[in-house]
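Two complexes follow with subunit A in common, the first pairing it with subunit B and the second with subunit C.
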Partner chain A sequence: MFFDPSVVDTAGFILRQLASGALLTLEITLLAQVVVVVMSFIIALMRLSPWRGLRWIATVYVEILRGISALVLLFYLFFILPLFGIRLSPMTTGVIGLGLTFSAYGSEIVRSALTNVNRGQRDALRALDFDPVTAFRRIILPQALPFMLPPMGNQLVELLKTTSLVSLISLSDLTFSGAQLITTLGQQTLIWCIVLVCYFIMAWPLTWLVRRYERHVTAWREGSSS
Partner chain B sequence: MPDLAHSPPGAPPQILLKQVVKRFGKTQVIDHLDLSIPQGQKVALIGPSGSGKSTVLRLIKGLESYQQGSIEVAGSPVPGLRSGWRWPWSKKPPVVHRVGMVFQQFNLFPHLTVQENITEAPLRVLKLTQEEAEERAYEYLGLVGLVHKAAAYPGQLSGGQQQRVAIARALAMRPQVMLFDEVTSALDPELVGEVLAVIRSIAHAQRTTLLLVTHEMNFAEEIADRVLFMEAGKILADGSAQEILVDPDNERTRRFLNRVERR
Partner chain C sequence: MNFDYAFAWSILPDLLQGLLVTLQVVVLGFLMAVIVGLVLAIAQRSKRPWLHRLSSGYLSFFRHTPLMVQLYVLFFAFPLIGITVPAISTGVIGLGLYYGAYIAEAYRGAIESVPAGQWEAARALDFDTATTWRRIILPQALKPMLPVLGNYLIGMFKETPLLAVITIPELFQAAKQIAGMTYRYNEPYTVMALMFLAISLPTSLFFKFLERRSHA
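What follows is the complex of A and B.
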């Protein structure tokens, strides 16, 4: 058997294509996650605020976004908004579309974590005359984070996998690169297998971190009662 | 009933409630309540479950909204809260810390050590330096006898110890008024004594005004200058410990006292 130099070339080509796709996938995931975190906190705080108007707006936001499929939202932002003269780049479309979709669930995670910090803590904070911002930063948030991070981490893994949808609005992410390679090289089975492994390699460390953190947190909580 | 509702001439009341009405939804839990407590007085508030004792304390601390009347602490109005539990609350906290409160369930911050529990508010609210705050923490930990637990987390303490930390935490803010809401009710019987001992020493040593809700009638009798008996959002009897607890002339008070176990 001889080593065909063209095989090496092809392998290098595949690798470069997939690597650049994976990079874009990570980039979109990261940017969308920023949108998710910011919007989740804003919406969660609105839902818990004493003002009925804010609560109402936040509830409508969550209900609507939960009812829309991520793909349809992406198509809407990409194909329909331009008809109204609003033209977003594919990248912006992907980040906003996925960010908004996932923030609907994210806000529920944040909200339930915040309400998990019991009323007694809030009474104590007010009895000591803390101002709301300090109270939130120093006492409420540190106690809510352990409830928040594991589901947020799981959601991030989900987000990473869902970014493959952006290949349908012409972004050359990992999935898109895979599809492109197949058009030029054939080798359908081989390439989809490589793509699959790539997603797994990106998601697995995250999953692992979440699991480790969960164990760490439950240990902490078992050690304290009140 | 002697007229203790009015403070002695010259001394403005430390706590003053006028015709206060508090409703939860449609249920009226405080019914046109008048109450005046002069500075330094030690007052015990007793009454059956659901009579509104906790609500009175929470109103004085500004933890609850109210629908009518006025509440003043040291001459400053206590505004009612728009909504008692939601996050984030809408009211700006008072600039001057006057009222400390200790709860039945301790409500310590579980993620902070005992020392941090006590220094947190002096640092962030009173803006003391780290050294000043720590000095205070050790002063009050000494008072409640828990200096050796400064580095422990609340979850590692017994209920009685947690409650003593909660008292130290409230005292470290140097309040003029201390409110105690059934602070021994969540404790195992053998831990009640240590907490009462701390309150006793505060009552004897400090000029702080005390208002405490308790089911410990003997304790109330021992430390209180004045006892209030509450039922259905009203104060039905108001007098010295002797008058209210030993030979009550109010029929309902008598019936209530017969029901509660005397320890």
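What follows is the complex of A and C.
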């Protein structure tokens, strides 16, 4: 079988472009996930706080961010904020926009996991006179984490997919690299299919890990039933 | 930079026109997703291994790839195989195929919650598979599913700005065009965001109410 060297060249070119795009996609996913985790905890704790004002602010935050879509928020940050003199780089815009959108969903995950911790545990903390920070860190959080991680993992997959939106605010992520390759090479359908496969290869292992973890934390339940 | 109410008012008709297209695509896409999801969910429970595997592969692939890139593929692949469809149909098909993979999961949960005794009774009474599905299982599975489907409907509505990338003149595209023509970004994008909120907030409250009532 004879290979035309130009085919190998083109394949190498496609590979390099997509690899650099994929790297940026992973970078944005990771940074946005940090925003998601931090904001999710802050908002969840606000929603569970005894002060009505804080609860109210947190509810409004969640409802508004869940009500408008990620792309609308990204465009808003990208085009409207500069008019008020706040200039963010596309990267920061992408990370903040996606981070805020997903934190609205993430805070619900954190909140339901925290409220899932047994009532008796809370009463015991009260009785033993733990200070709130130690109580949260040593008793509540370790018990809530197994409830929290699987849905958080699934959300991370959604986040990874949604990062494709940042290609529309001029960040050269995987989708953007695909579009660029098409302007030089044509072959739209082929290249978009390759891009799809790249996303699948990045996202699927995450789901696999989540499933493994879920099986791991529920193993005791199956063991006791059989 | 201040908000010009007169300008915002003047672009309202264009944006409403876009909103109308958005709602059209969402409703049609949702109907398609409900059908695709049902087919996938039934295929998941099929005893034929190839059908089961095909459906699993579909679910896995569509749930692990971004809708935007799927739309690009559909948009360019249809003309390639000699089918010319308007962009709106491509959008409806794209949304339907993507959300079908999610709705299939909702069906699965609902179908699994039908007690096994119902299957056994249908078997004992010698119902054939199609009748069992149509008359026994689905009517019992569908009712508790309605609020879940509602959440997907809202989710779909919020994904529609993506359809702008394949040139569908929906709400987001309309706002973008106005912004591009007038160099005024504040009004179109703000009015668009408010329109999204005005539709998604009440519907989400409505489905929350339905959910609470069905649990009570």
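Convention: the second predicted complex is superposed on the first by the 217 of 226 C-alpha atoms of A that agree within 3 Å, B and C clash if a C-alpha of one lies under 4 Å from a C-alpha of the other, contacts with A are read in each partner's own complex, and residues count from 1 in each chain.
Throughout what follows, a residue touches a chain if its C-beta (ideal position, glycine included) is under 8 Å from a C-beta of that chain, and two chains touch if they have at least 3 such contacts.
Only a predicted model underlies this, so the values are computations on that prediction, with no experimental measurement involved.
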item: Which superposed partner A:Q143 touches (first subunit B, second subunit C, both, neither); value: first
item: Which of subunit B and subunit C A:E63 touches, first, second, both or neither; value: second
item: First, second, both or neither for A:G178, with subunit B first and subunit C second; value: second
item: Which superposed partner A:R119 touches (first subunit B, second subunit C, both, neither); value: first
item: Partner chain in contact with A:L15 - subunit B first, subunit C second, else both or neither; value: neither
item: Shared contact residues on subunit A - subunit B and subunit C; value: none
item: Residues of subunit B that touch subunit A when the two form their complex; value: 58, 61-63, 82-83, 85-90, 92-94, 97, 99-101, 103, 105-111, 120-121, 124-125, 153-156, 162, 166, 169-170, 173
item: Complex contact set, residues of subunit C against subunit A; value: 1, 60-61, 63-70, 72-73, 76-77, 80, 158-162, 165, 172, 176, 179, 185-186, 189-190, 192-193, 196-197, 200-201, 204
item: Touching residues on subunit A, where the partner in the complex is subunit C; value: 63-64, 66-73, 75-76, 79-80, 83-84, 157, 161-165, 167-168, 175, 178, 188-189, 192-193, 195-196, 199-200, 203-204, 207
item: Subunit A residues touching subunit B - in the complex, by the definition given at the top; value: 45, 48-51, 114-115, 119-124, 126-132, 134, 136, 138-140, 142-143, 223-226
